[in-house]
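Please see the structure below; I have some questions.
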Amino acid sequence: MAKSLNLGMIGYGFMGRAHSNAYRKVNHFFDLEYRPVLKAICARDASKAEAFAKNWGYESVETDWRKLVERPDIDVIDICTPNNLHHEIALAAARAGKMILCEKPLAMNSQEGAEMVEAVEKAGVANMVWYNYRRLPAVALAKKLVEQGRLGRIFHYRAVFLQDWTISADLPQGGAALWRLDAAAAGSGVTGDLLAHCIDTALWINGGIERVTAMTETFVKERKHNLTGKVEPVGIDDACAFLARFKNGSLATFESTRYARGHKALYTFEINGEKASIQWDLLDLHRLSYFDHRDESGLRGWRSIHVTDGEHPYMSHWWVPGLQIGYEHSFVHQVADFLEGLAQKIPASPTFRDALETQQVCDAVLRSAKSGEWVAVK
Amino acid sequence: MAKSLNLGMIGYGFMGRAHSNAYRKVNHFFDLEYRPVLKAICARDASKAEAFAKNWGYESVETDWRKLVERPDIDVIDICTPNNLHHEIALAAARAGKMILCEKPLAMNSQEGAEMVEAVEKAGVANMVWYNYRRLPAVALAKKLVEQGRLGRIFHYRAVFLQDWTISADLPQGGAALWRLDAAAAGSGVTGDLLAHCIDTALWINGGIERVTAMTETFVKERKHNLTGKVEPVGIDDACAFLARFKNGSLATFESTRYARGHKALYTFEINGEKASIQWDLLDLHRLSYFDHRDESGLRGWRSIHVTDGEHPYMSHWWVPGLQIGYEHSFVHQVADFLEGLAQKIPASPTFRDALETQQVCDAVLRSAKSGEWVAVK
Amino acid sequence: MAKSLNLGMIGYGFMGRAHSNAYRKVNHFFDLEYRPVLKAICARDASKAEAFAKNWGYESVETDWRKLVERPDIDVIDICTPNNLHHEIALAAARAGKMILCEKPLAMNSQEGAEMVEAVEKAGVANMVWYNYRRLPAVALAKKLVEQGRLGRIFHYRAVFLQDWTISADLPQGGAALWRLDAAAAGSGVTGDLLAHCIDTALWINGGIERVTAMTETFVKERKHNLTGKVEPVGIDDACAFLARFKNGSLATFESTRYARGHKALYTFEINGEKASIQWDLLDLHRLSYFDHRDESGLRGWRSIHVTDGEHPYMSHWWVPGLQIGYEHSFVHQVADFLEGLAQKIPASPTFRDALETQQVCDAVLRSAKSGEWVAVK
Amino acid sequence: MAKSLNLGMIGYGFMGRAHSNAYRKVNHFFDLEYRPVLKAICARDASKAEAFAKNWGYESVETDWRKLVERPDIDVIDICTPNNLHHEIALAAARAGKMILCEKPLAMNSQEGAEMVEAVEKAGVANMVWYNYRRLPAVALAKKLVEQGRLGRIFHYRAVFLQDWTISADLPQGGAALWRLDAAAAGSGVTGDLLAHCIDTALWINGGIERVTAMTETFVKERKHNLTGKVEPVGIDDACAFLARFKNGSLATFESTRYARGHKALYTFEINGEKASIQWDLLDLHRLSYFDHRDESGLRGWRSIHVTDGEHPYMSHWWVPGLQIGYEHSFVHQVADFLEGLAQKIPASPTFRDALETQQVCDAVLRSAKSGEWVAVK
C-alpha cells in the first residue's frame, strides 16, 4: 500500500488545476511508493476555494496560507500563487519543515531566490520548481541524446517562446487572470514567464550560460489596471530577446514575445552539434526532429520522431505507439519523478538551487536590457 | 451534488484503462449532473482483476460477467472484451435492464449487431459504442464545418488507417494481448479494428455509403497460436482497401493495413467539397487542415488550425490556447457526452443503431473482397 | 564539338514550351555528345507558329505535320499535339525513319499504342514518351532505393493525383487550351492525363500490375463546347479511383480527380516495404520522405531528404546543396538521358513499349469502371 | 525585334553560371524590349574561360578585366568575382561609362561601397546588385503584403541563414572554390555572405535598421590555406548573430552560421504584425506561410500558400498552377526586372545605393561584435 503524502496547495488558478490533475492521475499510471493526498487547498476567496476543493476532492479549505503552512497534517506545500508571494511562503514553509513545490519562476529576482535556496537547504526539506517542460517525452529524449554525446561538440542553441494574446491595447492588467501583466505581481513580463522556461531547458540540456546581451520592449505602454481601475503604466516587458554564450563555447539566441501574431504558445528550441542536431516545438510536443550526419550520405534528412513508443521517456506508462499524450502529462511526470525521488532519496530536478540559476540568467538579461551591455551571469 | 451512476466494467485491457481514466477525470473538467462510480470490474483472472481494481479504485471484483450483469447495484455495463463476447453480454445486460457502453466494433457481424440493436431498443436502455475519434476536437470541428455547409457539395472522401506492428512473421496470434490477430476472437482483422473507425467517422460526417468494392490480403498466412501452441492459419485480413460511393454522390477510397512500415497509427481523412476541403491526421490530432476557396485569390492556402482555443469543440474545459490534449481525452469527452445525454434525455451518439451501420459497411466490404464484385450496403 | 540532332516539333502549347526550354538548356548543364537543333516548329496556325519560332529560335515553320515528317533535314519528331493525333503522326514519322519523342499518354487506347510500338520497332527508330516525372531527382532516388532492395518485400503502393481546376460548371470544353476536357481529343479524362503519370511511375518502380477494379465519375455532365458553340455531354472522366494488385503481390490504391478543392497538382505516391517506406509529393518535388526500420530503435522517424546534394540523381549538374530545381528540369533531364542513350546506343526509358504498358493499365481501368468487375491487365 | 544589350561578365564560378543561365532564358519567358547578348567572358585562366565561353555561347574571351572594361562593344559589366575585386572593377567600369551589375555583397566594407555608389551615380550608369532572393515569387509576395499594410504595425522580424558545410576542420581556405573562407578575398564570413541576404530582404520589406548588437565566432581557428599551402589563422566569422531595432519600432533577431548541422541553406524569415504574420523558408521557396487574424475566429491558422498561380509574382511567365520553379529563376526575374527598368527608365532595385545600406548594417554588426556594444547603423 502506497504511503500517503499530504498536500496543501496555495492558489487555484491554471496551475492549481494542472497540479491537481497530476496528483489525481499519477498513481493510476505509475507504480510508486508514495501517493499524494489532497489535504487542503488555500485561497483568499473562501467560496472559490470551496468550489475548487469540491471539484478536485481536497479535504479541507484554508484562506490564510500562514495557517496552512503551520498545519501539522501537511507534508508538502505546493505554491501556485503569483510570483510576488513565492518568497515569503517558501521561507515560512521551510521554517515549518515542509517539503516545497513551487511554481516557476522561482522568485521575483535572484536575491529572493538565493534566500529561498538557503531556506530549503538549511531546513533540509525536499524542494522542486515546476519547470514542467523538462518532463515532456520529446524534451527528455533530447536531453538524453545530448547526454549520450550524440551531437558531439555543441555549436548553437536557439529558442523562442512566442505568443500573441496581449496585442490588443484594450486588455487590462492585474487581478486574478491578468496578474502576469502586472509588474508588481509578476516581477517581469515574458522574461520570467516564458523565457524562464526556455532558459531552464537550455541550462538542463546545454549547461551553464556565461554572459548575455539583451533588449526588451513594452509595445503597449499603458493599460487599465484591474485593481486600481485606472490607466497605469505597464511595467513588464512585452518582448525580450538576447544573445548568449554558453560555458561550453556554444552561441545562443533566445527570444520571447506576446506580440507574435499567429502563435499561441510556440516554444521551440534547436541545438546544432558537430555530428547531429535536434529541434523541438511545443505545438507538436510529441515530435522530436533529429538530424544525424552519420546517416548514410545521400539519405540524410531531418527525422520526425513521433515520441510515443514504449521505449521513449515516460511513454511505457501510457497507451500504445502512435497515440499521443498532451500538455498536462508533463505535470504527471514531474509528480511521478518527485515521488520516485523521495523514495530513492535523490532530489528530483529542478530543485530550488537549479531554478536559481535560471533566475540569475533572467536577472542578467533584464540588467543587460537596461544597460545595453553584455552582462556576466551571476 | 452529482447523481451517482454505478459502473460495472468487463475487461481490463487497453480499453479498460482508457475508460477508467475517463470515468475518473470527467467530473473534474466537465460540470455534469451525473458522476460515474467505479462499482465493479469483471475479468476471468481474479488476481489481475484485483490489481486493476486496486489501481483504479473499483469497489469490487467479479470473475463471471453473468453475475455482474445481474447485480442490482449496477446501472451501466461497459463491455471492453474481445469482439466475440459483445453480443452475448449485450443481450444479457439489456435483458437485465442495464445501460450498455460497448467497445467497437459493435459485433462480429451485422447479424449479431442487429440483434443487439433490437435488444437495447426493446429494453429501452441507454446505449453507446466507443467510436472515440468522433470526440477529438479537430474531428468534431470537421463535422461542424461540413454540417454548416461550408464545403458545399461533397465530391470526395478518402481515409486510411495505417499501422506496421504485425509485419514480423514471428509475432504469434491469439491470447490476451494478441486476440486482434485471432479471427475467432476478433471476427476480422483491420476491417473491424481500424477501418471501422474510418467508416464510423465517414458515416457521421458524410452520410450513408451505398456500395463498395474491396480487396483484402493476409500477408503472413500462418502464425503460432498462443492458445493452442501450434502454428495455425491466420484467419484475419492484414490489409483491406475499398472503393465506395456515398449516398450524396461523393466517391471514396478507404484503406487500412498493419503492414505500412513507418506508420504507428496513421489515421487520416480528407474531404473535398465544391467550396472547401478538410484534412485530418491522428498523429497530429490537435490540428485540422482547412482550405477555403472563398479566401482571397492569391492568398489561398491550406490552413493549419491548431484546435486548442476555447471556442474549439471541448477545449474550453481544458487548458489555454496552444496547449494540447491527447488521445485519452477523446474518451473523457465521450463519457461527458453520454452523461450529458442522460441528463438531457437525448441519446449520445453513436448508439448501437448508429454503430450497426458501420458494421453493415464492414460486412459489405468483406463480402466484396470475397466475391470481387460491387456489393450494396445492407 | 557536339553532333547536331535536328528537331521538328509538332504543337506549341504548354508541352511545346516545356520541351523547347529543355532543348535549349540541356547542353549548358550536361556534357553530351549530341546537341539538339531547333529546326522546325509545326502548327496549323501559321502566325502563332511564327511567334513561337521567333521566341524560341526555331529555324523554320511548318503548318502541315505531314510535310514536316517528310523533311530530310529532320532527325527527330517531337509530338506535342492532343492525344488523338499521336497515333497517326507516329506511324507516319516511323515510316519516314524519324526518331520519335511523343507526349504522354502514348495513344487514345492500347490498340493504337500497340500499332505505334510495332511501327517504331519495325522502323528501328529511337523512341521515347514524355513521362517526365521519372526524371525528378527525388523520384529517381525512390527508384534507386527500391532497386537496391532497401525496402525489402513490397506490401503497398498508393498514389493520388489531385487537381481542382474544373470544378466550375461554367468552364467550357474543347479547343486549344481545353482539349483535355474533350473526349474526342483526349480519349479519357483524368485517367489518361493524370493517372497515366501515376501508373508510369508505379510500373517503373514497383513492376507490373496484374488486375484492377475501378470507378469513374463525371461530376459535371454537360459543358459548352468551344468548337461547336453548343452545350454538349462531357465524355471524359472527371475522377477515377482504382484498386490494383501488382505482380509482386503488393496491393495498391490509385486515385485522380480534378475536383479536389485545394489541390493544384498534388501528385503523391507512397511505397511500404517490409524494411522501409518512401513518400513523395510533387508540390515539394525536391523532397523524399524515407522511413527505415533499420534505424536505431527509439530514434526512428520519417526522414525528410532534401534531394539537392551533388550525389543525388542529376543534381551534380545544377547548383549547390540546398538550392532547388523545379518542374521544368525534369524535361531537361529527360532530354539529357535521351541524348546519352543515343550516344550509348541504349534506349532511354520509357520507350513506346514501356508506355504501352501504362496504356494497357489505363484501358483495364476504364473497362473495369464500366463493367464493375475486376479486369486483368492486357 | 528586341534591342541588343552587350554583356561582359567577369568571373565564371557558381554565380557566373547562374547569371549566364538567366541571360539565356529571360527572353524566352519575358516579353522585353532588350535582349542580353553574351559578348565576352573574362577570367585570368584562359583555358577555363574558353571552356566556359564555349559552353554558354560567349562570343569572346578576355583574361584582363581592364581590357574588358574598356571595350567599346560592351554595354554592361557583370561582376562575379570574389568580393575584394568589386570596388576596383566597379570604379573602372563606371569611369568607362558601363552599366554595372555586381554580385553581393556590394563591397568589402561601407567605405568601398560608398565610393562605388558615388562612382556609378556620378557616371550616371545603370547599376544593380544581385540580391536575388528579392525575386523569388514568395518573397515578392511577402513584400507586397507588407506594402499593402495587411500586417498592420510590425512588432517583430526574425531571420536566420544556416548552413553546415564548413564544420570539418580539414576543409582548407582560399583559392577558387573556397575564397569565401579567406578573409582577404571575402572580407567577412557569414556576415557578408549570408546575413547580407537576410539584411537586404529585411531592409526591403521592413525598412531601415537603427542599431544593432552582435556576436561573432570562429569555431575553427586555423585552416590550411590553398594559396600559401600553410596552416593559417582563419580571419572570417563562422557564425554571427545580432539583435536589431528597426526604424519602425520593430525588434529583430538575425543569425547566420555555417555550423548548423542538418541545414544546407536554411534561409528563413518571419514578420509579426498586429494583424497578420508571414513566414518564408528558402528550402521550400515556393511556399509562403501567412496567418491573418482577420480570418474567422475558430478557423484561423497558418496558411501554406503554394505561390505558383498565375496571379502570384512572376508566375504567369512560367508553367501552370502547382508546378514550381527553382532557385535559378530568381536570377531570370532579376534580369527581366533590370531590362524592364532600362526600358522604363526606372532603376531596378537593389541599386548600389540600396546595397550600400546593407553594407552599412554589416559593418555595424562587425563593429558591435568587436566592441560588445550597441552600434548605430551608419
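Letters are used for the chains, namely A, B, C and D, taken in the order the chains are written, and counting of residues starts over at 1 for each.
Here is the rule we go by: a residue touches a chain if its C-beta (ideal position, glycine included) is under 8 Å from a C-beta of that chain, and two chains touch if they have at least 3 such contacts.
Computed from a prediction, not measured in an experiment: that's the story for all the values here.
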Path length in the contact graph (chain B to chain C, fewest steps): 1
Centroid-based (C-alpha) most distant chain relative to chain C: A
Listed chain pair B-C, B-D or A-B that repeats interface A-C [over half of contact pairs the same by residue number]: B-D
Of B-D and A-D, whichever chain pair has more C-beta contact pairs: A-D
Euclidean distance of C-alpha centroids - chain C vs chain D, Å: 36
Centroid distance [mean C-alpha coordinates] between chain D and chain B, Å: 55
Distance from chain D to chain A - Cα centre to Cα centre, in angstrom: 42
Contacts with two or more other chains, residues of chain C listed in rising order: 263, 300, 302, 306, 309
In the complex, chain C residues that touch chain B: 151, 155-156, 158, 160, 162, 164, 167, 213-215, 217, 219, 239, 241-243, 245, 251, 253, 255, 257, 259-263, 272-277, 291, 293, 300, 302, 372-374
Residue numbers on chain D that touch chain B, as the complex places them: 141, 145, 288-290, 292, 295, 297-306, 309, 311-312
Of all residues in chain B, those that touch chain A in their complex: 14, 18, 20-21, 24-25, 27-28, 55-56, 163, 165, 263-266, 282-286, 306, 308-309, 318-329
